[in-house]
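Structures are listed in the sections that come next.
Shared between the two complexes below is chain A, which has chain B as its partner in the first and chain C in the second.
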Partner chain A sequence: MSFLFGGLLGHPLRTTLAVGKFLAFTHLFLEYGYSTAPAVGPSMLPTLEILGEWLLISRRHRHGRNVAVGDVVAYNIPINDSFGVKRVLGLPGDYVLLNAPGSGNDSMIQVPQGHCWIVGDNLPASRDSRMFGPIPLALIKGKVIGRIKPFRFERLENPLQTAD
Partner chain B sequence: MSPPVKTFPAKDLPSAAQVGANGKVRRTEDGRPIDLARDCELRGLVQYECLVMQPEVAHSPIQCWPVQRLFRKCQDKNGAFTVETTAWEGPEAATTSTGTAGGHAMAGVGVGQPVQKLEKPLQS
Partner chain C sequence: MLRFVRQFSHHLIGYATWLPPLIWFNTYVAQVTFISGPSMYPFLNPQYNESLKRDLCLVYKLYAQWNLERGMVVTFRNPVDPDKITVKRIVGLEGDVIHTRPPYPQPTILVPEGHIWVEGDGDKSKDSNYYGPISHRLVTGRVTHILSPWKRAGRVRWWEHASSRSQP
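Presenting the complex of A and B:
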C-alpha cells in the first residue's frame, strides 16, 4: 500500500503516462502482432469445431501479407459486419474452381489482382467466395496460427502437400 | 466488390494459365510457355462434406467425408502461382466430356477419388 500511495498514486502524471504507454503498447500488439478470437459455426468442420474454439491470429499477415494457398485466415465478411474464418484457395493470379468439386460445374476463374478466394473446409455448410466471389485482400485480418485449448496449443499447419 | 471476372471451363486451363492477372503473358525462366504437367508441381488438399447427425443435440456426432482438391504450384519469371487442377486432371475429369489426358496421368499418381463418401467416416 505504501508503494501505491508513495509511488504511483503520489505521482498522478507519471501514473497516467504509465497507463497510457501500457494501453498503447497493448493496442499495438493486438493490432499488428497477435490477437485471439473465438470462432463459432460449422463452416470449418472438421478443422475447427462448431463451438468452443479460441484462435490465435497473426496480425502480421493482415491484408494477406505472406499468406499462402492452404492457410486459414480470419477476415471481415463482405456482406455483413462480422468476421469469419476460412481457408485460402487462391491468391491474385491463381486459378480456382468456381464451385465445389463434384458439383457438376467445372467453371473456373482467375483470381483478380488484389483479391483472394476463400472456401470453408466443410463445403456444404460454408458461405464463402462461392457465394460472394473473390474478396479484397484488405479484408483479411490475419492468419490463424493455431487453436488455444485449455493448457495446450494446437498449431494449424498448411495442408497443401505434395500429392504423392 | 470484386471486379467482373470471366469464367472458363476446366478444359481451357492450359491456355488460361498462360496469362497473369495483370494481362501479361506468363513465361518460364528460360522463356517457354507454362506447361502445367511439366513445369508445375502437383499438390493436394482435402476439404470435407460434414454432416451433424443430431443438430438438436449438443455435442452431436459429426460425420465427414473427404473431398480431394488438386493444385499445381507453378513458377514463372515473376514468381509463383497456383492452379487448381481438380476438374482438369482429377479422376472426375477423365469421366466427363471436359476431361483431358491429364486425367489419365493423375490416375497413376493415386491421389484417390474425390467427392466419394466413405463407408467409414473420418470423425464421429
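Presenting the complex of A and C:
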C-alpha cells in the first residue's frame, strides 16, 4: 500500500506524465513500426474476406519505401477521408492498363514519377486507380504483411515470382 | 567513474523518454521549421537573392486536412517525391475552374473531388502547374505564423491572398 501511494500513485502529476509518455511511445511504434487495422469490403476478395479481417501492417514501408509490384498495401484514399487496402500493380515508370482487361479499352499510361498504380483483386467490385488514377506514394501507409486470425497468424506473401 | 557512467546514463534515458511526446507534438499539434527555397518568394524568404538566412515559421498541424480555404499557405508531402515536405499556397479547391500557367498542358482545369490546386508565389516554383491537382490527404500542416526574421514576424494573413484565378 505504501509503495502504491508513496511511489507510483503518490504524485498525480508524475503519474499523468508517465502515462502520457507511455501513450506517445505506443503511438510512435504504431506509426513507424507495426500497426493493425480491420479490413472490410469485397474489393480484395480471393485474398481477403469481406468481413472479419484484421491485418498486420508494416509501417516501415510507409510512403512506398521498398514496396514492390504485387505487394498488398494500406493507403489513404485520395478522394475521401478513409483508408483502403489494394494491390500495387505499377510503380513509377511502369506501363499499366487504364481499365480492366477485357473491358474493350486497352489504352495504357505510364505511372508518373512518385506515384503508383493500385488495383483490387476483385476487379468488378473495386474502386481503385482505374477510378481515381495513380496515387502518390506519400499516401501509402504501409505494406500488409499478414492477417491476424484468432490464435493464428497467416503471412501474406507477394505472389509474383521471377521467371526462369 | 562507474558512478558517473551510471548517473549519466540514468539522466540520458530520462531525457530520451521525452522524445516520443515531442515527435507526437510535432506531428499532430505544431512544429517550428525553416523554409528553404524561393518557391514562395516574396511572401516567404524575400531575402532569397541576398543572404543564406531562411524564414522560421510555425506550422500548425491540428486538423490540417479539414476546412482548407483558398489563400492558405500549406505544407504537404510532395506528390513527386514522397519523402519531401513542400510549402505552397492553395489557389483552388475541389470544383473550382483554374486558369493554369505553363507548363500545364491545358489552359483551364476543373479541380477534381478531394483535390486542391497549389501554387508557389514566386516564379521558381514546381507546383500544381507541374504535377497537377494534389489530393487533400497529402496536406500535413498550415503555416500560421512567421517567427523570424523579427521584422516580418507575425500572423500569416492568408485570407488577404485568395487568388482571383480560380472560379468556384
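Convention: the second predicted complex is superposed on the first by the 152 of 164 C-alpha atoms of A that agree within 3 Å, B and C clash if a C-alpha of one lies under 4 Å from a C-alpha of the other, contacts with A are read in each partner's own complex, and residues count from 1 in each chain.
Here is the rule we go by: a residue touches a chain if its C-beta (ideal position, glycine included) is under 8 Å from a C-beta of that chain, and two chains touch if they have at least 3 such contacts.
In this text the structure is predicted, and so the values were computed from the model without any measurement.
If you stack the two complexes on chain A, which partner ends up touching A:Gly102: first (chain B), second (chain C), both, or neither?
first
A:His115 contacts which: chain B (first), chain C (second), both, neither?
In the superposition, A:His115 touches chain B and chain C alike.
If we overlay the two complexes on their shared chain A, which of chain B and chain C does A:Ile50 touch? Say first, second, both or neither.
A:Ile50: touches chain B, not chain C.
Pick one for A:Ala24: touches chain B only (first), chain C only (second), both, or neither.
After superposition on chain A, A:Ala24 lies in contact with chain C alone.
Which partner does A:Val69 contact after superposing on A: first (chain B), second (chain C), both, neither?
first
In this superposition, which partner touches a larger number of chain A residues, chain B or chain C?
B
Is A:Ile135 touching anything from chain B or chain C once the two structures are fitted on A? First, second, both or neither.
both
Is A:Leu91 in contact with chain B, with chain C, with both, or with neither (first, second, both, neither)?
It touches chain B, and chain C stays clear.
Could you list which residues of chain A make contact with chain B in one structure and with chain C in the other?
In chain A, positions 78, 112-113, 115, 135-136 sit in both the chain B and chain C interfaces.
For chain B, which residues are in contact with chain A within the complex?
Residues of chain B touching chain A: 1-3, 5-11, 13, 16-17, 19-22, 41-50, 52, 62, 64, 67-71, 81-84, 86-87, 90, 92-93, 96, 98, 109, 111, 114-115, 122-123.
Quick one: which bits of chain A touch chain C in the complex? Just the residue numbers, please.
The contact residues of chain A facing chain C are 20-21, 24-25, 27-28, 31, 63-64, 76-81, 112-115, 132, 135-140.
Which stretch or stretches of chain C touch chain A in the complex?
17-18, 20-21, 23-24, 27, 65, 77-83, 112-115, 131, 134-135, 137-138
Under the touch definition given earlier, write down the residues of chain A that touch chain B in their complex.
These residues of chain A touch chain B: 42, 45-46, 50, 69-70, 78, 87, 89-98, 100-102, 106-113, 115, 119-125, 133-136, 159-164.
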